[in-house]
Each structure stands twice: as structure tokens, then as C-alpha cells.
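Shared between the two complexes below is subunit A, which pairs with subunit B and subunit C, respectively.
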Partner chain A sequence: MSTAAASPSRRSLLPGFRLTMGFTLLYLCLIVIIPLMTLPVRSATMTWEALWGTVSDPRVVASYRLTIGASLVAASVNAVFGLIAAWVLVRYSFPGRRLVDSLVDLPFALPTAVAGITLTAIYAPNGWIGRFLEPYGIQVAFTRVGITLALIFIGLPFVVRTLQPVIEDLDVEVEEAATSLGATRFGVLTKVILPYLYPAWLTGFALAFARAIGEYGSVVFIAGNMPMRTEITPLLIITKLEQFDYAGATAIALVMLLMSFFLLLAINVLQGWTTRRLAN
Partner chain B sequence: MSIEVKGLRKRFGGFQALDDVSFSVGQGELLALLGPSGSGKTTLLRIIAGLEHADAGTVLFDGHDAAARHPRERGVGFVFQHYALFRHMTVFENVAFGLRVRPRAERPVESEIRRKVNELLGLVQLDYLGSRYPSQLSGGQRQRVALARALAVEPKVLLLDEPFGALDARVRQELRRWLRRLHAEIHLTSVFVTHDQEEALELANRVVVMNEGRIEQDGTPDDVVEHPATPFVLNFLGQVNIFHGRVQDGTAWLGPLALEYPEHPHTEARTAAGYSRPHELDISRSDDGGGLWGTVSDVRMAGAVVKFELLDDQRSPIQVELGREQYAQIRAIIGESVYVKPRRVRVFMQEPGG
Partner chain C sequence: MSVHSTDRRPSQPVRHLSEPPVVRWGLTAVALAFLALFLLLPLVTVFLEAFGHGVRAYLAAVAEPEALAALRLTLLAAAIAVPANLVFGVCAGWAITKFEFPGRNVLTTLIDLPFAVSPVIAGMVFVLLFGRQGFLGPWAAEHGVRIVFAVPGIVLATIFVSFPFVAREIIPVMEAAGTQEEEAARVLGAGGFQTFFRVTLPNIKWGLLYGGILSNARAMGEFGAVSVVSGKIRGLTNTLPLHVEILYNEYAFQAAFAVASLLTFLALVTLVVKTVVERRLGVASEETRPEAAVAGTG
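Take a look at the complex of A and B:
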């Protein structure tokens, strides 16, 4: 908190600090902090042994591994293709650019369950695309590949939307300067463009990753939900809730909460680093 | 290295940026491309650097066609108006960039890079700022870093696009003097683009004045000031009074003024205009021929000169500049009618139909 604004002798010239800060805190409490606080409170009804037993159950651990692994792969794929998409959308003008630009946001807008059902229908062994993959022994629906695909779908906008403004900010003149100094196209890319985009790129990656970890709707349909193999952590939580094992559900949720929290903290640190480095 | 530009043309959509432009730059020259915005001067500079392709025409470096060479192989140092520094690198790394991206076989060793970069930072008087980031520097400092960066690759030609355009007046003055000293020291063939006539005249040893994609005049600073080739050059290089009229039988009739004009001895009359700079006009109380007069509407003491504004009988303004001593003799006051004696009038005939 800013001490300059809080101390009466050095009041900020911008009015309304107390009001807006108070509102922000209230809002965060009602919407984020209090609901999340119930997680540790609920979990506290369990003994340590029971808690540890629940969160370290092999089936649960397998689901962590799958969720984190698939999310990492999906976020990586998005990082690569999202970068290319953002680059194309910013740097080139072509007919239908605005249309393509709006398409990027669709995964945000579409109910994820709809996406899941659609993906399943297309990639099932008898689906539009799945039927062509089947003869080669490639199964997408009801496998980890399908899960990753769904996570790629929902994560794409994060990378594209994080990178776009940064690419817009990267002056073409900077590339021209590097070229006239003797850099090859590859040199310009690796020494100028990527280092410049790197912090924002990481942020986009982390956002897509965080989103993928918590994703439920689009995955449950395409996953097949076989224990130990294609069962994601959010699904396990729902399963526990359906069995009225609230304490067990919240214990697993707590583990996920901690993972998400540290991830978002890392993102914020990254963003701070980006701004400091490139502050103009 | 010498540069020769022949018949360059460039069109952006419906806009003719360059229309048959030819000129040359000798080894060691410091040449200014001067013109208003949209006159094609930056496009011309970018084509020389290889950052833009011409629709027609050639650029020769020491007699060899430059089109065959990629921009990175042209040996051109380019300085951008908005510096185009690498924001994620320190000042030192910015300057070292051109050395570090060389192919492994040609790349100097680290100690040599250090020595070279420090030498250049010394040259631009920024050796104490090597570890800063560009965002921590002032505009003038950034432009000097950009210059050091361009010089690091030992270019054979230095191209500067409005190098001082984004800086405030005092810093601009300082950098201008500094660049002239630098040029005197290293004698690098240099071309810079500017829309500031003062900058062009003060810095360059040759000035190419451009307008609407064409060259209006190519000459020394003295040439373009004393012998402007076209009314445009006259107008662009400073304030000028225009007297409209016609030429006929070897005489120019401009309002009450009648001047000899041997260039047009024909009986057919042609529209023409005479141009005089404010300091080429005198004021007197007696009419000794000419008969041009006006009423003083404004007198301003502007440092070493006194600026008058007169209104002639058509109530159109005439600007006159007198030295302090001349003013002391006449002391014309507002509301007084005085005669105006042009010491010099340049007459330009209008092309028929123009």
C-alpha cells in the first residue's frame, strides 16, 4: 500500500484513494477471498492422516500428473502457435483479418461443455476427423491426446491476447535497425524479437497453463474419464462432491488452489519484471 | 564510398513518393536532403539503405549496383528519427550488437568488442552510461547511442533520418555542432534527411531540396540561399515577399515596380512573380523611383534586426527587416506611409498554362 497516499501530510493529488481501495478490498473479499477461505476451513475438519491419505491417493496423484502434464503440453503448443497467430494478426493486413481476430476470442465466449461435446463428436473414431485418423491407429477422443486438444482450444486466446499489444509496440524500425547492423533474419528473431517478447510470452504461457489446470467442462466429455488414465483432477473433485465427500473434495481443491496461487504469483512477478525492464 | 542515385521512382498506392530522382554523393560529403514532409526524402534515404525497394532506377555504391546487396551487406549505418534502440539491452549491448551478430569467422573476440564499444561510447561522450537501459536515457543521449551503434559496424555510408527531429531546440543545436565535429573527424560519407532548413544549411556541405517526389535544387548551402532555382526553394528556405505581375519586352512589371528582365524579350506577355526576402527591402520617406509604398502596421524589435509589417494599397502585407542602424536613421512609426525600395528582386516566370 502506498504510504504517500495514506499519510495526511502527503496526500495523493488523485482523489478517491480511500474509497476505491476500500471497494477493491471489499469486492475481493466477497468474490475471491471468503469463498476460497472455506477450502482450508472445510479441509480442517479432517485429520492430517485422512487429509494426506486423500490427496496422496494413487488415483488422485495420477490425476495431478495428467492435469499438470496435459496443461503444460497444451500451454506449450499454444505458446508456439499463439505467437505465430498474434504475429500474423498484428504484422500483416489481409482480407478477413478482423474476422480471424474475433475468432480468437471464441474459446472465451463458448460454454466449455459445448466445445467439449463438439471436439468429441469430431474426433471420435466415427467423427469427421477421427475417422481419418483411426486407420492409422491414432485415437484422439477418450485419450490424453483428446484432453490436451481440449486444453489447447481453451488456452489459445490467452497467449494471443497477451502477445498482441506487445507485438504492436515492437517498432518495425527496431528490426530494420538490426538488419542494417548486419543481423540475419534468424538473428533478428532470436536476438531482438524473441528477447523482447519473452516476458509477455511467458505471461501468456502461464495464463494458458493456469486456465488449463482448472478446466473441467470441455475435458470431461472428450476424456473418457478412466481412473488412473484419463481422469483429471477437477473431475475427481466433482466425483467426490457427488459422493457427499465434501472434506475430501475440498482437500484436493486446496492442493489445486495452492498450485494455482503459486502460478499466478509467478505471473505477477514476471509482469513486474517485464514492466521494469521495458518501462519507457 | 560514393553514392549515385539514378532515375529513382517509387509509388505507394496512388501516391508518387519519388518521381525520377537522380543525384550523387561524393566520398566524405555531408549531404542534406531537405524538404517538407511528404516530399519523398525519407523514402529516398530508405531506398539507399535497402529498407525499401524502388519501382524503377538504380542506386550505385562506388559504381556498383547496390540492389544486388542485401541491406545487411551494404555497409550502411542507419540512424532512425525515433532511435529504434533495443530496449531489452543495455547501452553497451546496443552498441555491441552489430559486432556480435557477425558470422563467427569475422566476429571480433570479446576483449576486442569491449575495447571498440568503449571507444565508441567515448566518442559519443556516453562512456559512463554503458550499463544503463535506453529507457533511462534522455532523448539526446539515446540518439547518440543510436549513432554509436551505427558506427560500430564501421559503415562506409552513414544515413540519418531526421536525426534530431524528436529533440528539443537546445539539444538539437548541441547535437548539430557535435555531429559536424564528428564528421570533420571521421570523414564518413553521410546523408541526412531534415525538414529544418536551418539545420540543413548549418550542417551540410551540399543540400538537395526536394518537393513532391522531385529534386528542386541540388547545390551548396550558399547556392540554394543565394541562387534558388525555383520559387519553391525560395519559399521553403525562409520568409519571402511575393509581388505578382507579368513580363513583356524584356521588362518585368510587378505592380508599381518595373525591372529589367532580359530572359523574356518577347512581346507576348507572361504571368510572373517577383520575390524579395524581408532583409532585401529598404524603407525610405522619399520616392526615388519604384513607387512601391505601404503603411506601417507593425514594428517589432527582434534582437539584431527590426521587423516591419507594411500594408500596401491592396492591403496585402509586406515584410521588411532592417538592421538596427538603418532603423535608427528612419524610425518609421505605426500608421506612417513609407516607400519600399527592393534592393533585390528575383523574378520567376510562370510556365504557360501553369
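Take a look at the complex of A and C:
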């Protein structure tokens, strides 16, 4: 098929390019681009000193540390258990596998506020699990551990769902070849299969991390929300908004937005890498 | 639809090359324990807490006027946001997959943008735009239009967060379908709309349903973005997730979980429909699975 011939014929044959493209751009601008542009425009009205003063305030910096740290830990836990779960769900058979597989999407479907109050009910000192931890002096709810648990919950599907199609796609012949050449099963897993999974694995990790950075609903209930200690950055933005400190909120939001852009870029690169792996 | 749709998830695992049984059982146990702790336990907890004081208390909490008002607002916001996003998704899909133009990749990246943005920021930008100190705030006040801390703001924030789902699901499906069938219909004399409704729509209906379901789940469940623009006026600008928060913060735990159970039920319905549609989508969903994962920032 020659693209030179296909391209103009497409244009002449199918109608509606102007209409659909026009509507797409209009809708995109009205709903996404123009609203998001308010952030850089608004912060451009601030002086550099005021902007820097806000985003480098110790309370704000503590919230970045907590948000990024807890998100990293949560994404790492998901990377480890998500890899095991994806492997088990694709490769092994056990009763109820399809049901478990469907349930993996629960964190996508369950409203974050519901997840938040439920996790708090489970891990509060008088909660289902919390009451067994309390005698040992372990507190989960209203601490950083609780925040991390909530972030594990909301990031759980990402690693599993990005790894599953790649594991399904694994070429059995490569495993057979490695085995017949004398590799042990452990050797095949770590030297052949795992390297093949790296791009998708990293993508899943990055997606879970990016999601956790901006998460609000599932975290606020279990966090305790103590300034400097258990206050996440999105909550700090809300606090500033409620005090009508729009400039402060804008400055912090801009930092978060930049982080998200950077992550989106990284994820795009990783996904390109994954797709190329799948294509080969 | 294709012959591959039945073996999307291989029901016969590869047996001749596998780990020793002990390792298999060990890994399965670890995976199931992890999923039970993080998925099953919360699910069970919601319903046990909701019915903890009996069915009568449950019904009372759910049928309370403020809960019903919140339910109405949630349904209203979703009823506006989901169709709007469906129309957008189809338009974007048509423009992106049926034509070639420069900046195609930039456009698809821009459509994904709301996924990358924190829900709090998604709500906040509308406050910056329409709030009292906002860019269009004075204009809105002059014309007596209330957007922020009122229903229009909630609808806007809902559209924003549920925006990419349909387009994301529909683009790979349309891409896979190609343009030949539409071109044939045109050559045979079909009009533009006739071509779309008779040829394109039947090809993309499952993808459309899939995207609509995901978009709806997000629209009804959104908390962060809506919480910023709502102002949380009980009975007026309270959605179901916000109502859960208010009840919870007032220590009305049983009532909070009763309302939360409605949303959990919605989530379960979403999962069931999603599973069914995924099977129907067959191979097409195979290709979109990584995207589906990205899409699901619920």
C-alpha cells in the first residue's frame, strides 16, 4: 500500500474532517487547555521572590517530601507484588482466577472517598486490622504508613495491567531455547524473562507513582493531616484555597503540574519502549 | 469481533515450562494474599459497616433527603458529562484516525492531559477561572451567573476529570477498523452521516460502551476536583462522594458507609460490565489494555 496514494484519497473520500477536528479542538481548549493555562498565567503575576518564597516554605517542602516519598514506596511495593500478581494471573491456573482478575480494577472503579474511609476503618486503632496492631504500639492510620497504604491501593492496578499483556506475549520458544541450552528455571526467569519485562514494569511503576503524587481523596481520611508530618501537597493546596490564598495555592499547584508533565513525558517514552518490545 | 476473542486470556497456562510446584503455590499464595488484603478486605468492610446497625438504619441513611439530593446531583453531573465526553470521543476519534495531519501525536497527548493532573488542580483551575478573584469572576458576577460553588462548576470539573476515557478507548478501536469500509460506503453513494451511523458506529459500539462505562465511573465517583469547586452546601452542591465525607467527618460512620455502599455497588456494576465488554472487544481490547490501565485513574 503506497501512503502517497492512500493519504489524498482518504481526504477526498471521507467527509467531516473540519467538523470533527473543529469540535475536538474547541472542546479541548474550553475544558482543558484554557482552564489549565490559568495556572502559569496567574503565577506570572507573582514576583519571583513571592513565588519562590511560597514553594520553598518549610511546610510546603515537608509536604513534597512526604508526597514523593510515600508515592515512591507505594509504587515500589506495587512493582514487586504487581509483578507477582500479573505472573500468577497469566501463567498459573487456580479456581476463581477470572474473578480475581476482574477485581484487580476495583481501585479504578471505586470512588476515592470510599476507599479513604474504608481503609481508615480497617487500620484505625479500633479497626479490623488496627486493633491487632495497637497492642504492639504499631499505629497505621493517621501516620505516614497509612498514607502509603492508601497510595498502594490506588496504584495497585497499574503494574498488573501493564505487565499482563507483555507476559501473555512472551515467546515460549525463547524459554524453551534457554532451557534446552542448559539454563535453570531461575536462570530463565531472571536472565531471559525479567529483562524482557523491564520496559512494561517501569511503565507500570511510573504510572502508579504519577497517580500517587496527585492523589487526594483516598489519602485525606487516613492521613491525619498534621502540618510538617502527615500533610500531603494536594491537601496543602486545598488548605490555601480555603484561606483564599489563591497566589500560594497557584504556586504550589504549578510545581505539582511541572512534576506531572515531567512524569507524563517519561511515561510516554517508556510506553514507546514497551510498544516496540511488543512489536518485535 | 474476531475468532481470537475467546482466547483473550489463555485458559490453558503454559505447563511444560513452569516453575516447580512449591514455587507456583508460594507465588500464588503471595499474590492472592496481597490482593485479598488490598482489594477484598476493603470491599467486604464497606458492606459490613454499612449494614452494621441493621437494614433499617441502612435504608434510613440512604433515603435521607440530603442523601437523595446528593444522589440527584451526582446523576445530573454524570448525565451531562458522559454524553458530552462520548460526543467528544467520537469526534476526536474520527478526526485522528480517519485523516492524516501534522501534530496528530501532540493532539493525543493533549487529550491525555487530564489523567496527569491532580484532581485537586483540576478543580482549582475552575476556581481560578470563575471564582470571585478569578479571571472571569467579575464578568460572571455582573451577569448573575454562579459557576464556582454551584452546580455548573461541579459539572465542569466532572467533565474535566472524566474527559479522556472515551477518546482513549475509541481511538485504538477506530484505528484497528481502518477506513476501507467507510470509503466503500461513500463510493456506493452513502452520505456522511449515513456512513457514520451504518458503518462506523456498529464497528465501535463496544469500544464506545467501554469508554462510556469508565467515564461514568469516574464522573460519579470524583471527589478531589468536585470537592474544590463545590463549596459543599448540603442539599444543594453536595455530590454522593462529598456527602460521604460530610457524614464521616460528623462521626455518622454507619450513614457514611451506607451511602458509600451505593457508590461501591456502582463500582461493582462497572467492573462486571467492563469484564463483559472486554470479552466482546476481544482482540481490540488486547491492544488497548495498557491504555486501559492508564485510562483508569478513577
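The working rule: the second predicted complex is superposed on the first by the 242 of 280 C-alpha atoms of A that agree within 3 Å, B and C clash if a C-alpha of one lies under 4 Å from a C-alpha of the other, contacts with A are read in each partner's own complex, and residues count from 1 in each chain.
Operating definition for what follows: a contact is a pair of C-beta atoms (placed from the backbone, for glycine too) under 8 Å apart; a residue touches a chain by one contact, two chains touch by 3 or more.
Remember, it's a predicted structure, so these values are computed and weren't measured experimentally.
The superposed arrangement places subunit B and subunit C next to each other on subunit A without a clash. In the superposed model, A:195 lies in contact with subunit B only, and not with subunit C.
Counting residues of subunit A touched by each partner, subunit B versus subunit C, the larger count belongs to C.
With both structures placed on the common chain, the touch criterion links A:179 to subunit B and to subunit C.
Taking the C-alpha centre of subunit A as the apex, the lines running to the C-alpha centres of subunit B and subunit C meet at 90 degrees, rounded to a multiple of 10. In the superposition on chain A, A:271 contacts subunit C only, with no contact to subunit B. In the superposed pair of complexes, A:35 makes contact with subunit C only, with no contact to subunit B. With both structures placed on the common chain, the touch criterion links A:24 to subunit C but leaves subunit B unconnected. By the touch criterion stated above, A:217 is placed in contact with subunit C alone, subunit B being left untouched.
In the superposed model, A:187 lies in contact with subunit B only, and not with subunit C. Overlay on chain A (Cα): least separation between subunit B and subunit C is 5 Å.
Overlap of the subunit B and subunit C contact sets on subunit A: residues 176, 179. Across the complex, subunit A meets subunit C through its residues 7, 9-11, 13-17, 19-21, 23-24, 27-28, 31-36, 38-39, 41-42, 81, 84-85, 87-94, 98, 100-115, 117-119, 121-122, 128-129, 152-154, 156-158, 161-162, 164-165, 168, 172, 175-176, 179, 185, 188-189, 200, 203-204, 207, 210-211, 213-217, 221, 234-235, 237-238, 241, 244, 246, 249-250, 253, 256-257, 260-261, 263-264, 267-268, 271, 274. Within the complex, the subunit B residues that touch subunit A are 49-51, 71-74, 76-78, 80, 82, 84-88, 97-98, 100-102, 133, 135, 146, 149-150, 152-153. Remark: subunit A residues 171, 173-174, 176-184, 187, 191-192, 195-196, 277-280 touch subunit B in the complex.
Across the complex, subunit A is touched by residues 9-14, 17-20, 24, 27-28, 30-32, 34-35, 38-43, 45-46, 49, 84, 87-88, 90-92, 94-96, 98-101, 107, 109-114, 116-121, 124-129, 131, 133-135, 156, 159-160, 163, 179, 182-183, 186-187, 192, 195-196, 214, 217, 220-224, 227-228, 240-242, 244-245, 248, 253, 256-257, 260, 263-264, 266-268, 270-272, 274-275, 286, 289-290, 292-294, 296-298 of subunit C.
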